Amino acid sequence: MTDFALPGELLHALLPEITLVVGTLILLLASSWGGEASSPTRRTTQFAIGIVAVTAAAVIMAWMRGGGGTSDGRLAGDGFRYAMDLILLLGTAGALALLHTEQGRTRAYQAEIPVLMLLALCGMMLLTAARDLMFLFIGFELMSLAVYVLAGANRSSARSAEASLKYFLLGAFSSGFMVYGIALLYGAAGDTRLAVIGATAAGPLYLVGVALLLVGMAFKVSAVPFHLWTPDVYDGSPAPITAFMAASVKAAAFAMLLRIMTEALGPAIDHWHSVLWWLAAATMVIGNIVALSQRNLKRMLAYSGIAHAGYLLVAVLAYSTEGAAALVFYLLVYTLATLGAFAVLGIVSEGFESVTTIDDLAGLWHVRPGLAIAFAVCLLAFLGFPVAGGAGFFAKWYVLQAALASSTPLSVLVVVLVVSSVVSAGYYLTVIAAMFNQPRGETAVMPVPTPTLSAVVMVASVVALLVLGVYPTPAARLAASGSLGLSPVVAPVTAAAP
Amino acid sequence: MTPFYRFQFYLFALMAIGAALLFVTRKSPVSAALWLVNVMFALSGLYVMLDAPFVAAVQVLVYAGAIMVVFVFVVMLLNLGRPNALPDLREVSVRIGAGLVGVALLANLLAVRRETLPSVDFAPAVDNVVTPVAESLFTDYLLAFELTSILLLVAIIGAVVLAKRRAVA
Amino acid sequence: MSAVRQAVTSHPLDGSIAEWVWLIPLLPLLGALINGALVLWPRLSRGADHSLEAREAGAASSLAGTRWLTTIVGPGVLLLTFALAVAIFLAMRGAGEMLTPFIRTYASWMPAGSLVIDWGIQLDQLSMLMTLVITGVGLLIHVFSVGYMATDGGFARYFAYLNLFVCAMLVLVLGSSYAVMFVGWEGVGLASYLLIGFWFSEKANADAGKKAFIVNRIGDFGLLVAMFLLFSTTGALDFVGAHAGLAGASPAVFTTVALFLFLGCAGKSAQLPLYIWLPDAMAGPTPVSALIHAATMVTAGVYLIARAATVFAGAPAVSLFVALIGAATALFAATIALRQWDIKKVLAYSTISQLGYMFVAVGTGAYAAGVFHLVTHAFFKALLFLGAGAVIHAMHGAYHHSHQPDQDAQDLRNMGGLRKYLPVTSATMWIATLAIAGVPPLAGFFSKDEILTSVFTRAQGSTLASASLLGLPGSTVLYLIYGVGIVTALLTAVYMTRMMLLAFGGLNRTGERASAGLHDAPAIMLVPMVVLALLTLGGGWLNLPELIPLGPLHLLSSWLDPVSGEASRALGGSLHLDHSTELVLVGTAVAVALLGIAIAVMKYRSPISNKDKAVPDAGVAALLADAYRVDEGLDRTVVRPVYAFSTRVLWQGIDQNIDRAFVSGGRLLSRVAGQAHDALGGGDVGRYAWVIALGVLAVLAAFTVR
Amino acid sequence: MRDSLIALDMAPWILPVLVLWPLVGAALVRVLTSDRITPGVIDSMPTDALGRGGPDARTLTLGVLVVEAVLGVCAWILFDPDTAGWQLRADWTWLPDIGARISVGVDGVSLPMLVLTTLLMPLALLATWNQITTRMSSYGSLLLALTSGLVGVFAALDLLLFYLAWELMLIPMYFIIGIWGAAGRTRAAMKYVMLTMFGSLLMLAAIAALYVLGGSTSFHLDDLLRVSMSLDTQLWLFGAFFLAFAIKSALVPFHTWLPDAQFEAPVIGAVILGLKVGTYALLRFAIPLFPAAVMHDTVRSVVLVLSVIAIVWGALVAVVQPDLRRVLSYSSISHLGFIMLGCFALTQQSVEGAVMIMVNHGITTSALFLLAGFLRERSGTDRLDAFGGLARVVPLFAVMLTLSMLSTIGLPGTNGFIGEFLVLIGTYRTEPVAAIFATSGVVFASVYALRAVQRLLFSTLDTKANGGMRDLHGRQLAVMGVFAVAMLWLGLAPQPFLRRMELASGALVERVRGAEYAKTQVQPSGAVVIGAAGPSTAAGVTP
Amino acid sequence: MMLADALIVSAILFSIGVVGVLTRRNAIILFMCVELMLNAVNLSFVVFAKMHGVGGHVFVIMVMTIAAAEAAVGLAIVISVFRHFGAVDLQNLKLLRR
């Protein structure tokens, strides 16, 4: 007779997730309790931030306790999971704070939106933990479905609705490919566990499966040529949701990508290495070059995000512990910078019907120096500029180091990375030039006074970036221990990098 | 494996493919949806032949019976019953191109044929087809099962958030 | 200041007054500083005035108050220097034969690895002689200047520059190494630049200064390269060490060093083709022309070749080349001088021509003869310039008082009959004219004759005669040079007499109103002229040939023997002409001089018309009057093309286009990429799906197509 | 003096303080003072942005810089010229995980540059006192941050630290040009930053590669000097370093940003852009790290040819420039050619000469840019054709301009001569042809310098307004006096500098030239073992 | 033999689904094409379950659940879009572009 009870081991392994879900369900009930008249969204959001904090505590506890995986190898309990969880929680908390501000202004969001964000977070946390394609797929869909809805969260906005539909259709389309890939991998290995797949010889089924799986993940991390949705969706979605997508969704997708690559796709490294190489190169180059011509800030940040996906792919390509650590560190910095940037963006885009362009920032420094400086720091962090851009430099540094120290040194890719970074300076600096070098227009709208939570997010991000920019060691240690459990199952073959 | 079995197999296969082709070429959303239902029925037949009667049943009940009904319902709700003034299909050149892409895709996918698959016995195993699924579902994949509840919760909340009529402040 | 490094071996001059030699360049520098301070001080204390007139008035009154100080300090330091130089000279005479130079180093300047360059002074017979000439003639010219510049607003500035020049010139001749000499070399160039452009408000004057500096720099380029080669060959740059280090070096090294050195000399001493700056340099005040552009600075090239005699002795072909260039320059400039109307231009081309003579001398290894001519030329050419200065002073004053400031005070066609108005000037200038023409027993006769004789002697047989230049045997070249020298002597006599006749002979053409104001210069200007006239008269005694035993023979030659005698003999051999040949040569020279004077008298005896009615020159005469139109040609073939190349090609063509390409290329890239990318999707989800599908195909193909 | 400083135990902390003090000062200035807002903007200004009162930002900045200068002089005194290797070292753990250290130290090459920088900054600020009057708090703190970056570049021995300092210079400079610059400032600043970043990011990649090749344990120069690399690797990495430094120092053909940046920048920005950090870094890092690449025939030919082209090109283009500032920029490009030549000729004299030019350039060109600034301050322009005959009106200005220009063209007796002469005489020993072509630069230099002098100072005073122009006075005169003394002092008695450079440049030459022998003995694997002799040789041996 | 054929059928259906996505402009039909793709995948799962055991069946059930959830969300989105645009034709959805 089979024991259908929830095994203790599973409970143990999923303590943070269970904490989160239970909290979320309570919040859901509570939010519908209040009724519509009292506009419970902001309160819900505050509670949601609390839940995130509690979950973070749970994650830290679980990490400190150690060994939280399951014995059947379907759930990981390694540092990578917890480190990524913390980054995701950070991103979500920040996005919630921004939502709080946004709601205070627009009153466009329903109380269920923070709940959906927490549920999406649940899916993301599953992505960092799962070592089974089935769990990964469900987590992936959980996250995706929630985010599709979130993209359309502003029901009064046609742009939001359009973003939602575009994201949904393309997401479903690409996850179709992905699930087909999973099917083929299952067919090749006879099991959905990554470890088993990673121990399978790379036959035709396996290879086609890898290819399709790659496509699905490449879509989510918005790698070229699967990136076209990104600017539209970032543009149309409400700013806090865009921040959420840019920071957390991308981080979760990369966590999934890295885990699958490392644990399951070792046998096919010869095949996917060159493909991913080209994807990374194209992503960096096209993302940055197209961003040059953007005037709409959100679209610009979208392309910038695409380019960053390219940099992160380089870390994945390093295929080493250092690469994993670099990825974690990078995502942490990227999350911070994204939150900071969107915090500012939210404040300055107040009063604009649809889009905020670079021209709207002209002379910002002259009227609101604090906002301008914060935004500049975040942009410089994206750029990877040392000191002034804070930890952004070290993020790039670790990637470079990992790429060069990889068993197949990615010298050419490093050069592509570096050169495309220079291109990226072209648009980051244009924004900075607009803010600092131009006078404030006569008719320009004065930005609203900075709301408390936005200020907290902004200041915290900037300070964290700057401090880590001088002394990155704590974060680097976290990233390093966050990558320990993630050594490649199969030693990378000396693959032919183009 | 009996020839009849084999005949049936290919019959369902051809049915599925044919219905799918008709599905993608129909202009009317409703007829397209119905052809899709047809595909699903054919597939359900194939499932049965592939020793998956439970899945076949779920396919008919959930997929054809529930999901597709929702589709048709929405089509009707949005008053799309008749073909739009604008043709739903894209231009001929796009269609030809898409066909080519489809063929190329298929050619690539058929690389899987290089894999030597084990020959398995196709004698229908009548006994106890649901139990192994259930056991698997509630032991190894228990977590997945639980997660689907959250997934459905998301779907519900999502649908409510998006589709509920509400006076927006 | 104490000597840092003493010579190891003892020297006859140890402990003598020669230990004070460092004061020689420093005294004029002190003068320059004092005068400079006098110029700038009122500006320092009155910086806040806002109107130019107020400021200049204030400065002028302040300057007027300190004018007496300048009058004392300017010539005074020269007097002190000259006195010190004489004292040292006497000490040297008294010390007996001095075979090694007296060298004192005071501080390390540029030590870098094996390179040792010290601030050091080398006192030997050559530098002593040069010092005497510079300080002596310099003193006279300073005194003259006090009168000449009396009414000029830039009185103190003028003396500051002039003192600075003397300082630099003394550093040039006293420096113990090529590097220190180079400091003086460029320093005189700077002073010359400042003095040529002294009246900088006229654009032409400033242009002339600029041109002088730049052309000199072309020469300096050669000098620098010569130094580099010397250092890399010998590891030393001081004269003694470098020359010693050259022993045993390959002929190629000698040739190259000598050639590059000569480039430097040609620039400074206005030899072909770098002479072009000197005529323009006449834009400066006339005493400046006398001191810098006749007596001292322009002879620095001659000094340097004599100084580097060791180098040139090792490169006979280069020596021949030097002589040939010298001869060509002499003839070339003399022809131009024939048709010049500006009194200073005549003298300028004359100077170039005489410098050519000196180069003939040092080129043929007759270093003593070259230096002899240098000295006598310093006397008579300084005199000529001062005379010209007196004339111009008078003309200018006359025109000024008669309110005709637009009349050209330097044009010979405006002069005529000045003998009547300026008797002293006329007399002294005639002495100088006869000297330069080579009429015995004036100084010029002896020095020029010695040059021509030594050329002829060496043509008969010497190292030079047996060397070859561009395939021509050395003796042929030397005979050719001798012939050119004779022709030039004839021309010299012609153009100098012409100038004198036009200026002082015939009827006065200054004009009714102005001529009343013509009068001789004040005593302070005349006294130096008279002293120089005396020197011109007696200068020949410095180096009497055996043929004319009027006193102790070969004083100068034997004085210079420790410096250049060995090199001279190495190039020229020790052949002596017999007396009859020598007599014929002397006779020829004298005859040529007299013939030239006669020709000029014949031609210019009759009065010429005033400038306004003068018929323009035509044909060859016009070409000569325009100085062969070299400046115009250079402007058209070198200067303007270089400017155009810099502007059109390098700057606007390449630099700005690199720039434009960078900026607009970036913009274009971003725009094209943006548009192309939009074309890919353009907001249509269907197209996005297409791109995704194609991407899937590509990725799949990478996995499945082997 | 020196003994008392040593007794104070200053040596170990003087350099870290020199690097950090300006940063502290920047924070102080930013916190204690506020931007003075121009009246036009106040209307649209929220009250909190108007700021507080407090001390004058300029004065405070100057105070910080003066302290920095005093510390710089202390460093100069503490430095022992007769000791080889790094001095005044400080070495602290910074990022233990990757082995980066806060490691600073100076030798005879970096000390003059460092001290020059610390002295130049207060002088430049003083000379441009009234030229920038808006947002002075931001201005002062940016200036101080920039100083910190400059000093850091000269003091850093750890490559990561160096890179940080290197980039730290960039952002303040960007803002100084971009905010306080002239009309075309945004474009010029952008061009400057983009090009510099292009180079420095490639260099970053090369640093990463070098670090990984060295076993990923240390960024310290001494450790990296011991990394053995194949010739190909050296060539690639050297290429990246060289490109970075060539762009930064505006070597032809990467020079076009410089005239624009110096034209658009405020005067003080132009002065700082004139500091030769690029060539310093080349000499400190690129050349010793990759000796085989430096001695590679093709590399040498390319660099030498580029240097000579730069000398001639810069001078020729300077001849036809319409503005004084552009003339000066192009003259810098010409000078840069001499420096490059000296660095790559690699003889004792040429290297010392190159460092001398770097120092001299910092003095002379700064003086000239300040003078150009005075012109603009007085008449709003420095177009050459807007002036004429100024010598009559502003004689002190004229004297300074003439002196500085003469120094620029290397008149003996001024500082300019020393560097050029040493470079050329040293270069001639190994590369005679290049030296001869380079020497021709002295002719062209005189053309552009005298043209500018003549256009400005001489000819007739044709513009009436210029007649009322005010001569140098007070602050400006004092600053210029210091520059004049420095020019003459360095020209007549440069040995305090040369003496300090002697050991360091000798060691450099020996290290690189020594590699030439190793090249003839390529090991079977094709790897060239370099710097195997250990840190003592790397740090410098008495030649 | 038949397993391989079943896989081919799956691939064909999948390709037809993709072609459908590429040729349709109606959001709902586009979504149906995606459903066809999922169905094709399910067929593959069932085939592999025949080889490897019931894991494939579980996966099919999961896919169906997800498809159901997707349908709910997707159709909600479609309705929302319809409210704003009055149509679900993708060519009309071009607010978001440069």
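By written order: A, B, C, D and E. Residues from 1 in each chain.
Following the convention adopted for this analysis, a contact is a pair of C-beta atoms (placed from the backbone, for glycine too) under 8 Å apart; a residue touches a chain by one contact, two chains touch by 3 or more.
These numbers were taken from a predicted model, which means no experiment stands behind them.
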For chain E, the least number of touch steps when starting out from chain B: 1
Maximum centroid distance from chain D, chain identifier (CA atoms): B
Closest chain to global C-alpha mean, per-chain Cα centroids: D
Chain whose average C-alpha position is farthest from chain E's own: C
Centre-to-centre distance between chain E and chain A (centres being mean Cα positions), rounded to whole Å: 26
Gap in Å, rounded to a whole number, between the CA centres of chain D and chain A: 42
Intercentroid distance (Cα basis), chain D paired with chain B, Å: 70
Centre-to-centre distance between chain D and chain C (centres being mean Cα positions), rounded to whole Å: 38
Where chain E touches two or more other chains, by residue: 7, 14, 17-18, 21-22, 24-25, 30-31, 47, 51, 53, 55, 58, 62, 66, 69-70, 73, 76-78, 80, 90-91, 93, 95-98
Set of chain C residues in contact with two or more other chains: 674, 681, 683, 685-686, 689-690, 693-694, 696, 700, 703-704
Complete list of chain pairs which touch one another: A-B, A-C, A-D, A-E, B-C, B-E, C-D, C-E
Residues of chain C touching chain E in the complex: 674, 678, 681-686, 689-690, 693
Residues of chain D touching chain C in the complex: 187, 191, 195, 253, 255-256, 259-260, 313, 316-317, 319-321, 347-349, 352-353, 389, 391-393, 395-396, 399, 406, 411-413, 418, 421-422, 424-426, 428-429, 432, 435-436, 439-440, 442-443, 446-447, 450-451, 454, 457-461, 467-468, 470-474, 477, 492-495, 498-499, 502, 506, 543
Chain B-touching residues of chain E, taken from the complex the two chains share: 1-9, 11-20, 22-26, 28-29, 31-33, 35-36, 39, 42-43, 46-47, 49-51, 53-55, 57-58, 60-62, 64-73, 75-80, 82, 87-89, 91
Residue ranges of chain A in contact with chain D within the complex: 366-369, 380, 385-388, 393, 396-397, 400-401, 404-405, 409, 411, 414-415, 417-419, 421-422, 425-426, 429-430, 432-433, 436-440, 444, 446, 449, 471-473, 476-477, 480
Residue ranges of chain E touching chain A (in the complex, touch as defined): 7, 14, 17, 21, 27, 30-31, 34, 37-38, 40-41, 44-45, 47-48, 51-53, 55-56, 58-59, 62-63, 66, 69-70, 73-74, 76-78, 80-81, 83-85, 90, 93, 95-98
